[in-house]
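Dropping a structure here in structure tokens format, bear with me for questions.
Chains here go by letter, A, B, C, D, E and F, matching the order in which they are written, and residues are numbered from 1 within each.
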Amino acid sequence: MSIGPLPVIMIEPIVRAALLEDLGRAGDLSTDAVVPAGLRAEAALVAREPGVVAGLDPALLALRLIDPAIEAEIARPDGDPVLSGDVIATIAGPARGMLTAERVALNFLCHLSGIASATAAIVDAVRGTRARVSCTRKTRPGLRALQKYAVRVGGGANHRFGLDDAILIKDNHIAAAGSVAAAIERARRATGHLVKLEVEVDTLSQLAEALAAGVDAVLLDNMAAAELRRAVTMIAGRAIAEASGRITPTTAPEIAATGVDLISVGWLTHSAASLDIGLDWRVGAVR
Amino acid sequence: MSIGPLPVIMIEPIVRAALLEDLGRAGDLSTDAVVPAGLRAEAALVAREPGVVAGLDPALLALRLIDPAIEAEIARPDGDPVLSGDVIATIAGPARGMLTAERVALNFLCHLSGIASATAAIVDAVRGTRARVSCTRKTRPGLRALQKYAVRVGGGANHRFGLDDAILIKDNHIAAAGSVAAAIERARRATGHLVKLEVEVDTLSQLAEALAAGVDAVLLDNMAAAELRRAVTMIAGRAIAEASGRITPTTAPEIAATGVDLISVGWLTHSAASLDIGLDWRVGAVR
Amino acid sequence: MSIGPLPVIMIEPIVRAALLEDLGRAGDLSTDAVVPAGLRAEAALVAREPGVVAGLDPALLALRLIDPAIEAEIARPDGDPVLSGDVIATIAGPARGMLTAERVALNFLCHLSGIASATAAIVDAVRGTRARVSCTRKTRPGLRALQKYAVRVGGGANHRFGLDDAILIKDNHIAAAGSVAAAIERARRATGHLVKLEVEVDTLSQLAEALAAGVDAVLLDNMAAAELRRAVTMIAGRAIAEASGRITPTTAPEIAATGVDLISVGWLTHSAASLDIGLDWRVGAVR
Amino acid sequence: MSIGPLPVIMIEPIVRAALLEDLGRAGDLSTDAVVPAGLRAEAALVAREPGVVAGLDPALLALRLIDPAIEAEIARPDGDPVLSGDVIATIAGPARGMLTAERVALNFLCHLSGIASATAAIVDAVRGTRARVSCTRKTRPGLRALQKYAVRVGGGANHRFGLDDAILIKDNHIAAAGSVAAAIERARRATGHLVKLEVEVDTLSQLAEALAAGVDAVLLDNMAAAELRRAVTMIAGRAIAEASGRITPTTAPEIAATGVDLISVGWLTHSAASLDIGLDWRVGAVR
Amino acid sequence: MSIGPLPVIMIEPIVRAALLEDLGRAGDLSTDAVVPAGLRAEAALVAREPGVVAGLDPALLALRLIDPAIEAEIARPDGDPVLSGDVIATIAGPARGMLTAERVALNFLCHLSGIASATAAIVDAVRGTRARVSCTRKTRPGLRALQKYAVRVGGGANHRFGLDDAILIKDNHIAAAGSVAAAIERARRATGHLVKLEVEVDTLSQLAEALAAGVDAVLLDNMAAAELRRAVTMIAGRAIAEASGRITPTTAPEIAATGVDLISVGWLTHSAASLDIGLDWRVGAVR
Amino acid sequence: MSIGPLPVIMIEPIVRAALLEDLGRAGDLSTDAVVPAGLRAEAALVAREPGVVAGLDPALLALRLIDPAIEAEIARPDGDPVLSGDVIATIAGPARGMLTAERVALNFLCHLSGIASATAAIVDAVRGTRARVSCTRKTRPGLRALQKYAVRVGGGANHRFGLDDAILIKDNHIAAAGSVAAAIERARRATGHLVKLEVEVDTLSQLAEALAAGVDAVLLDNMAAAELRRAVTMIAGRAIAEASGRITPTTAPEIAATGVDLISVGWLTHSAASLDIGLDWRVGAVR
């Protein structure tokens, strides 16, 4: 996946909203009261545990939106692995603005780095297999574009971005349509030539029906490794084979070894823990 | 803490945004193509692991915003503990709308229930001590009000909602002001009579300085249990004693046993995993 | 393509914006001054030329948002062909609200019906060929979802909804990448399994290169009919064949007869004229 | 009419919205995947048919909002007539940003230039008469300010911008009030001293009634040329005489020759075709 | 002026914003904590000083947006004069919602009633003269439509709603154009037929120049009563005569007696005091 | 209170909204028509009556948002006292932009300076007592943050910013809870450790009950001076003593002399008149 940065125009609204959410109606009472207006400071974003960096753009934008005079030098751009103690970026500028924006900047950086790190961990775990690691639509409200970007930064692939950029026929769609074949037929008639079609199947007989009808991809839901292997054999390259269903870093290698093309992991965006990153103020830096 | 529901006017904007994020520019291609318009369905929100329910309001609002004809009956309201298999609510209405809104509804419910459950776990772990459990400002951008609500649902207390509703003097503020006493003096002059003042201290000598200056609360940062106990003795009820610094469910009991009034846990809002809740379609329900 | 309605949540923001754009800062001066508050009226949306109806949802929503007491009965739903004089819907309610919302309601209905009618005309013109008719991204700012919906209502297919739901490698991308094959190779590595890949080619040798690299679709840009026929033969079903380049209702049949799978027509959304639809007040209806 | 530019603050929201509509949730997949980040390019906005330029401000703003490093040199500012092949502006900067913003920039420029060109054509057609050419409120939702600006650029005049900046009493208002005179009387009492009052009349006897009551302007709706001439004679300069009703470039000269002061043409904003303008990448420019 | 209500669609955004401004990120802490969820209450909006009611729509909408179950019965609609002690409306419903929305509802009602009352006072003071009383553009940011509505409710007329609905040539425009006549000539060429043109003049010789050039209205700025009388004589009905310049209730009668058509009073919208209105909870009503 | 400036990110949305409210759909007709595009001008913001300056940030931002080329030099920053005739700031730049933004800039500056001046007047009136002067939540919709900032600039203190940053138990809360003590008990259980608790009391017996239950502050509502003195004696420093109830500059000194800690004055934000400040164009400055 491309890890080109998201255009600023896409991230600025959520960064502004996050700052306003924190500033409330009176702004930073503590800093305004205690820190002199003219004071300058230097600080470093430092990893406190190993992981992969993601989210420097929104983090640094949060600082600049509070005070355009805050400058940053990036040591480890998005996608870089870091160890505990590594400096990710150094920041210098008016102390008030840096203190006011600190928490929001870290909230973006720690959350997105957490997702990138979790993704990278699973990508590493399945290295050597043909399986790519993908996220799902189980994202935090309002943060999907950023979270999916973080998955790409971690080496993962993106599944659908929403209900409108691909067809994914699930069990309840099939029940409503009457059969796998009927659902596929309806879907094919209804969509444009650039929309891919994937079907979720729970059994090998459903898989056979889907393959006969012709699909771009099949989502093999909650199948055990042995069944996945049989499915891969049946598919024989006629469709993308995606394994899904509560896959964790622990279970990923066995799943990936079955020969599937893709394993999708909701956990990456709904439950990955933040990466611990702090803003260390340099000794003597506040002056 | 009160667990009164948030007014609809506060949650509707984020629910609308989440739906539009998922619908994109073309809506639900799969459902529109495959599911007949007149079909009705029934389904149940079912817990797949034990925890505490939170977020039914935004979840059910997501369904109603897609189709006002969708009706819900709540079996386990926010705050109720559930076991795996427990039905949280049943839903009935037009199948298309239920399928279209399903993912967004679950994204709210699983995330907020995850936070409530994590909070409840720590609250349980420290039961019998005087310590209350509090969240921090380490929240997901745009979701602070909902996440803090979920903490209350889980039995926790809320720390500051933003930079503007209390003073919290941190180490860098102290460095900028020159001393703990100077920082407190400036803060007190600058704020209204309904703003509380808390100071973060790293050492017992800083604590002594803060107590001498007079504060409403002290944040005892990253202190070991023995030091916390000494701090509590020094404070002697003159200020709220808050312990902070990477507290986990495992370390919470020892910290709480030191006699502090409050333990604040950033992990609740930045890293708690989603609670696994599914939408089970009733057998024969799609008709 | 599915002609299921867009969810209200998707059209309400643009309808609200259109009403506020018309109401300005003082509302409907003429109606408020001249028309008594209690007066009721009946009226009919009547086609003044033949075409295909599209846009009743936003049109009627405009009326309801001004006054929820306005009721409508639809005679010809979206997708229905109409002749001059045909009643599309009848409306009854408070006269003030109907007069205030009339222009905005008609602006939606006439514009979208114009697009649906133009689409239907080209679809008719190519009937009997294998070619489907598609729109492009040459849409009016802010109106893409509605315009593309109108294309579907007219029997057309939708091309990409934006820059993010499929890959379309154009001539300048190819120039930047160095070759067709290099561009395709980069694109394939960078995208998820549900993203289709199309390449724009200007010559048959570029086409050969694209087919050799493997693509989902080829956009045959500005080729004459004879060249298109040769292209279709070369493709031989290995990719979707899309013809593009200033196709009009006049030239469409010859293009479609070449055997291409799709003809895309920017004109549908950037230049189709409004369908003439009026709101006829019933004789004696204002009472 | 003044053709001073609209303030940036007025056009920036719609340009941002148009870009976000195109970027969706993942941005420009094709360009990010295929085009190297450091590549620069040059290109020219070139007319492919004769017309009048309008909309350079939103078009160039679209480019700058994607990448502030994109620079433009304007050869033919808004209001300039162009022939096929004329360069309107040259653009240089990072290739990625130029490719990403190209479609949105052209969508504004082609649409608004289409309106300006159509306006200029009718203005030319009626040159030598006293008639000015005006638009109506039949505009595209959300685009009224820009469309009306394009009419001014084309040499046309603007009618009402909304329901709130002048009184226009139409047939249904008259029916509700009981008579032309009663409607005018109510309107005059109800409005401020800077609000003009126009009445739509269908017959010469209504016209006589309106003139007797005193109005600033009369809208002569759907009258044939002979009747318009009689109306102009009756009005004798006591009010602005506006002719309206499906006026096209073909019928405009005859209408204008009747001596009316104004002809209003809804077609300018609801049905004018886009002007064909392309972005030609310079040979060897992508480097 | 019409005192028809503003459409809900125009007032809902500012009412929602006002509620969210008050609710912040945690809602009504006091009420949620102290008042039982099921409790119902009754209360009355009661005038505590004499004046004219304005703003019931946004006030009652604030209550309904917090809880749709809150019902109101209006005793004195907008425009009614009230004495101290008069009940304006009675309200009944869930106590929590009524307490939560109370302040925002009163903020709208007291502010707008203050403007209506101030307007009515000046209208009364000049009764018997031909002068109407008008507001200006000196309004509170974001509240112009509501404030101008309140002026209408108080019996006043509205001046321009913004920079775009009439021409008002002021002294600095004249200086830039070189002369009154040159400015008028430019303005007339630049505007549509429904835009009125007013010129501000400081001296009688400027007035003569304006009348010679032909204008719809003249703003006689800061002239003493004697000079105003001479101006009215000079104008002789050829233009609307507007007096302006720090007119207060005290000075208004003398100004109005000069024969001017209009006196405009910025004070109405920038400095009128709130009308004192309270929400009296009925004895025994909270139950 | 701190008079640090509000971050630009907090004031920009309301300034943009105010400009768009004034520009409407066509912008500044008068200036665009009459003033040449290239003309430059100089002007000075000049006080026309004595007071305290507040609001230069939004005022100057309004100018810059219309034209970034407008430059300002501040002579009297926010908080400075001015006499009639004092220059507050000088402004230079393109004449068009200065004329277009003038009214909006002044609307912010005059309103906020009016509040600061009124606050300063009361602060002066109570100098020598221990009483601080505070505002309330009786603010103009959408302007609370700015209005409360102006109070701080005038030397006042801020009361609650909303319903969510402190507990204020009023008479109706007490009625709902059954007693002062019951209400306080519920509130204390429900709130976090950084939320202060104030109770409104009407009688000395209620005061006794509140003090016994323990509160941070008491609001002594509408008590006469003698009763306030008794209340202060009873409180004896155990809580902040706040006097409230239609306090005016005239009555403030007597109230303050009773020994209360705080007097809160709703009038500051709901009824303070604008400070008269004009934009004087320099002789010969428009060139």
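Just so we're on the same page, a residue touches a chain if its C-beta (ideal position, glycine included) is under 8 Å from a C-beta of that chain, and two chains touch if they have at least 3 such contacts.
Just so we're clear, the structure is a prediction, and the values are computed from it rather than from any experiment.
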Each chain counted as touching chain E and chain F at once: A, B, C, D
Chain B onto chain E, rotation angle from CA fit, given as a multiple of 5 degrees: 120
Classification of the chain A:chain B interface as same or different, half of numbers criterion: same
Interchain centroid distance [CA atoms averaged], chain A/chain E, Å: 51
Distance between the centres, which are taken as Cα means, of chain C and chain A, whole angstrom: 33
Geometric centre distance via CA averages, chain F-chain D, whole Å: 44
Chain E, residues touching no fewer than two other chains: 2, 21, 23-27, 29, 32-33, 100, 144, 158, 161-162, 164-166, 168, 190-191, 195
Contact graph of the chains (line, ring, star, complete, other): complete
Residues of chain E touching chain B in the complex: 16, 19-20, 23-27, 29, 32-33, 37, 65-66, 96, 100
Complex contacts: residues of chain A adjacent to chain E: 21, 24-25
List of chain C residues in touch with chain D within their complex: 14-15, 17-18, 21-36, 39, 41, 95, 99-100, 103-104, 106-108, 110-111, 114, 137-144, 161-173, 175-177, 183, 186-187, 189-191, 195, 246, 267, 270-271, 273-274, 276, 281, 286
Chain E - residues contacting chain C, complex: 2, 4, 6-7, 9-10, 144-145, 148, 158, 161-162, 165
Chain D - residues contacting chain E, complex: 1-2, 132, 134, 157-161, 164-166, 168, 190-196, 198, 216-217, 240, 242, 261-262
